[in-house]
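As written, the chain order gives the labels A, B, C and D, with residue 1 at the start of each chain.
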Amino acid sequence: MNIGFLGLGAMGSAMASNLLAAGHALTVWNRSEGPAEPLASLGAKVASTPGRAVQGQVVHSMLANDQAVREVFLDRGLLDEMDRGTVHVNHATISVALARELAQAHAQRGLGYVAAPVFGRPDVAAAAKLNIVVAGHPHVVESVRPLLEVLGSQLWPVGEAPERANAVKLAGNFMLASAIESMAEASALVRAHGVSAADFLEIMTSTLFAAPAYQGYGRLIAEERYAPPGFALPLGLKDVNLALAAGEAARVPLPFAGVLRDALIEALAGGGEGLDWAALAQVAARRAHLE
Amino acid sequence: MNIGFLGLGAMGSAMASNLLAAGHALTVWNRSEGPAEPLASLGAKVASTPGRAVQGQVVHSMLANDQAVREVFLDRGLLDEMDRGTVHVNHATISVALARELAQAHAQRGLGYVAAPVFGRPDVAAAAKLNIVVAGHPHVVESVRPLLEVLGSQLWPVGEAPERANAVKLAGNFMLASAIESMAEASALVRAHGVSAADFLEIMTSTLFAAPAYQGYGRLIAEERYAPPGFALPLGLKDVNLALAAGEAARVPLPFAGVLRDALIEALAGGGEGLDWAALAQVAARRAHLE
Amino acid sequence: MNIGFLGLGAMGSAMASNLLAAGHALTVWNRSEGPAEPLASLGAKVASTPGRAVQGQVVHSMLANDQAVREVFLDRGLLDEMDRGTVHVNHATISVALARELAQAHAQRGLGYVAAPVFGRPDVAAAAKLNIVVAGHPHVVESVRPLLEVLGSQLWPVGEAPERANAVKLAGNFMLASAIESMAEASALVRAHGVSAADFLEIMTSTLFAAPAYQGYGRLIAEERYAPPGFALPLGLKDVNLALAAGEAARVPLPFAGVLRDALIEALAGGGEGLDWAALAQVAARRAHLE
Amino acid sequence: MNIGFLGLGAMGSAMASNLLAAGHALTVWNRSEGPAEPLASLGAKVASTPGRAVQGQVVHSMLANDQAVREVFLDRGLLDEMDRGTVHVNHATISVALARELAQAHAQRGLGYVAAPVFGRPDVAAAAKLNIVVAGHPHVVESVRPLLEVLGSQLWPVGEAPERANAVKLAGNFMLASAIESMAEASALVRAHGVSAADFLEIMTSTLFAAPAYQGYGRLIAEERYAPPGFALPLGLKDVNLALAAGEAARVPLPFAGVLRDALIEALAGGGEGLDWAALAQVAARRAHLE
């Protein structure tokens, strides 16, 4: 199939790579040129403009945030360059408000729109083991299912309105942030009573919390290893803000998210721009003057 | 070995039962008489007073809370009825302050004291698969290790000062409460966007949060099944308060715990005395006027 | 002096009226036509477009929010229709980010920009007793001082960078919201112990809190009189969000603001669109199931 | 009238002094001896034990906290040394739980009990300008009204159940703490945007917040003058904890109080034992890394 792929960060590159490996003809585009090269050497065609990357039957995009998606797809008039019937599969973590706006803009032009945000880091994407939350018109979703199955190990359909998938993604990231903060506070508590964070977290993540989210972030906290970031604090703040905005739009108070927001801002105030959001543990420790 | 066991609630009965099954001579005591009967039929001697239950080499206790422990062991002068060298293994979830006080009171009388709070519900206790956090003087801990190994599948030693084990237990319960609250808020968020809590939690607890704590409580929230309670709201509030007290004593702010406290109180204000603490999800939904 | 005035809500109309009464030649504009009529009958010229209202030496504006200000002044290219040297006095409660952007846009075109947000309700505006926080280039501020003195009883200069005045305004409104919330929670507390909110608030606002902010809102809470709104809940949420955004931009955690945001959202979830933000007291009472 | 007075801290001494000046025969007692001397020189009889100080018709007490009140009046059996009909006027800031317990204990022995907590610092007490919240049986309150009028400028009766007066006092102190925290956060916000806390607070406390509570604490924050403390951080934490306990007992969530608790603990973690609770402003600034 002729496929376009826009946005070649660590995640996008890994995903595009898997589509290529599955035998699809890929035309890729990225704001800067560098990231396209490895894919070109694997056979991808490199588009010099977004418009040239959206001529296939399906267009995947994995852009950084609302602003990038809005700029590329809406402000530049990219949708008007797509043929009727083209399906856009948007993998980005964006606001529910933008998801709704995009769904409408696509529908008005006879374009298909599928929201397909993913859970998983770049290594998971490379291994094609992403968990993909999917929402869109059933026929349209069905039409891209084979492609999604190339990218992930499991699809999680959540209905027709695309923003539902984005709500799920934001709620999931909120749960991740909450897990980190709860380990951060709990670790400060036990440390103040003489137990190391490492010992404590080993107990927790071997028993009640023996899950990937806790084990991964628990290790970072135990080892105080916050750089280089797997998921940086500013991204964490962006996502918590998106969850708060989704809550506000639907009139859902989220008190944990408010606490998270303050802690993330405090981490950034302390110079944490380049740290993993597991550095919330530093904030909890600093508040208790443990260090 | 001659062993005493005080406190025969669901947890204590299951644990005492396993000590009996391992061939130990057990003298049991409980405030009310009923719970001792099944153990008597398994061969336990039933003491009519706590004093008669503390004549063995080791005394286990699994009492309800600080007040019960204080009343039985301190106010009644029970420690003075124990022979020097007796070891008291306290499994209760109590405050770090009381743990410290007990450790000192035992030491002054030449008694051994081991804090051994457990993670696991009654069915886990019955299966002898508890995770037991242990703190106390190394020799003393070593002397009761065979007994602890009868009760649990894994021991987690955290040092000499007994209150450390209690701090770990309280921090662990705080993490559990945080996990519930994060599912509660996240579920309200996705529900307000048209996704059922059941669908959402299935995704989360099959992937990033595939851990016992999330799966168990996730199921209760998905099914809105809060009664009968596995762990009732008032107990949850008690434990969060103990975590807050442990934090205050060591000067550790715990913002998530403050949010939890308010949500638990709100649940109780709404008539939740008899509900499982997973009913925090009701509070989150009610605040969003979802029901 | 020839003066333009854009934005004739309750506040803007009262202010424009005072400028007229002081003998200035006023050209007014409002999105809808009705509000201009009373001013026309007092001698104001009514402009059919914003462009025609910005031909005077000074242009005052009192628009509703960021969006309105951005649309009128930036998106429509209004600044390009103003003569070099014209001074724009912006009274609106807007974000510090937009204030900064506006200051730059004006400077680039040789226009003066003064941020002059006000404290006071419409009746205070009508009585020309507003407290006006002012920031801008000293000479420019000096040039409009006589006009500001017509509008308010006191000017509070806070420096040259215009956004400073907006930060002060947002911080002030945050303090107001906090005062309301603290009365709301405290009232719920005493009510649950048998003391009426009215009795309690009379004590407080006659003694330690004998200040306009507490007395006004205290009365609304005591009488549970939330409609019609003096300052509606959605506006309160808007302003708390602006304070949070100003905090985030400068990396300042604001935990009280997070609590306020949740309470305002909960009030709106309960159908409070048309209520005064003093209805935060309803939220506090509802959480305690007092009604 | 023969009056006893127990507890001669700064507040108690000032109050006892005014009773003496009004011509009453006073027998005073204090845990340590020093504070009684000035009163002795004014004509007070100094009792060597609490028992000797409770032989008058009315006994006032102004002890430090729950523990001191419990120890002196309940644990030592002091109530049994008082003649039937004696009226105890308790001015201390204590928990609603203890107030209830004391009311009952007095009633059982035929003693009168009036809760009469006060608002005002030592200088206000010395000037006999306290605001006194009063609760108790109407006849009993009436019988001590002349004495209360000696101590304060205004009495605020809130009903028969004594704990009501304590609930009001705790709610009032909670409002004070909230006022401080809101100034603390708001000041951090404006400082981060270039406005000094002093300039900002002058505006606020001259206008909307022109009330004693804001002016007094505003000045401390503006001048960063936190020592010596007028009301020390540990006392602030004690009172916020009492408000939280009163809330929990009556099932009233108090989210602002949770935030306050964390901020006070963080201030103490940073070495603030000897600082005024206005030092909450340091915490807000530190979180924003402003210093």
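The definition used in the following text is that a contact is a pair of C-beta atoms (placed from the backbone, for glycine too) under 8 Å apart; a residue touches a chain by one contact, two chains touch by 3 or more.
These figures come from a predicted structure and were not determined experimentally.
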Notebook entry, point to check: Count the touching C-beta pairs: is A-C or B-C ahead?
Noted result: A-C
Margin query: Centre to centre, using CA atoms, which chain is the farthest one from chain B?
Written below: C
Notebook entry, point to check: Roughly how many whole angstrom separate the Cα centroids of chain A and chain C?
Noted result: 38
Item checked: chain B and chain C, separation of their C-alpha mean positions in angstrom -> 52
Next item on the list: At least two other chains touched by the same residue of chain A: list those residues.
Entry: 247, 251-255, 259, 262-263, 266, 269, 287-289
Note to self: Which stretch or stretches of chain C touch chain A in the complex?
What the structure shows: 237, 241, 244, 247-248, 251-255, 258-259, 261-263, 265-266, 268-269
Check: For the complex, which residues does chain B have touching chain A?
Finding: 96, 119, 131, 133, 154, 156, 158-159, 161, 163-164, 167-168, 170-172, 174-176, 178-179, 181-183, 185-190, 192-195, 199-200, 203-204, 206-214, 243, 246-247, 250-257, 259, 262-263, 284, 287-290
Checklist line | Partner chain D, residues of chain A touching it in the complex | finding: 255, 262, 266, 269-271, 287-289
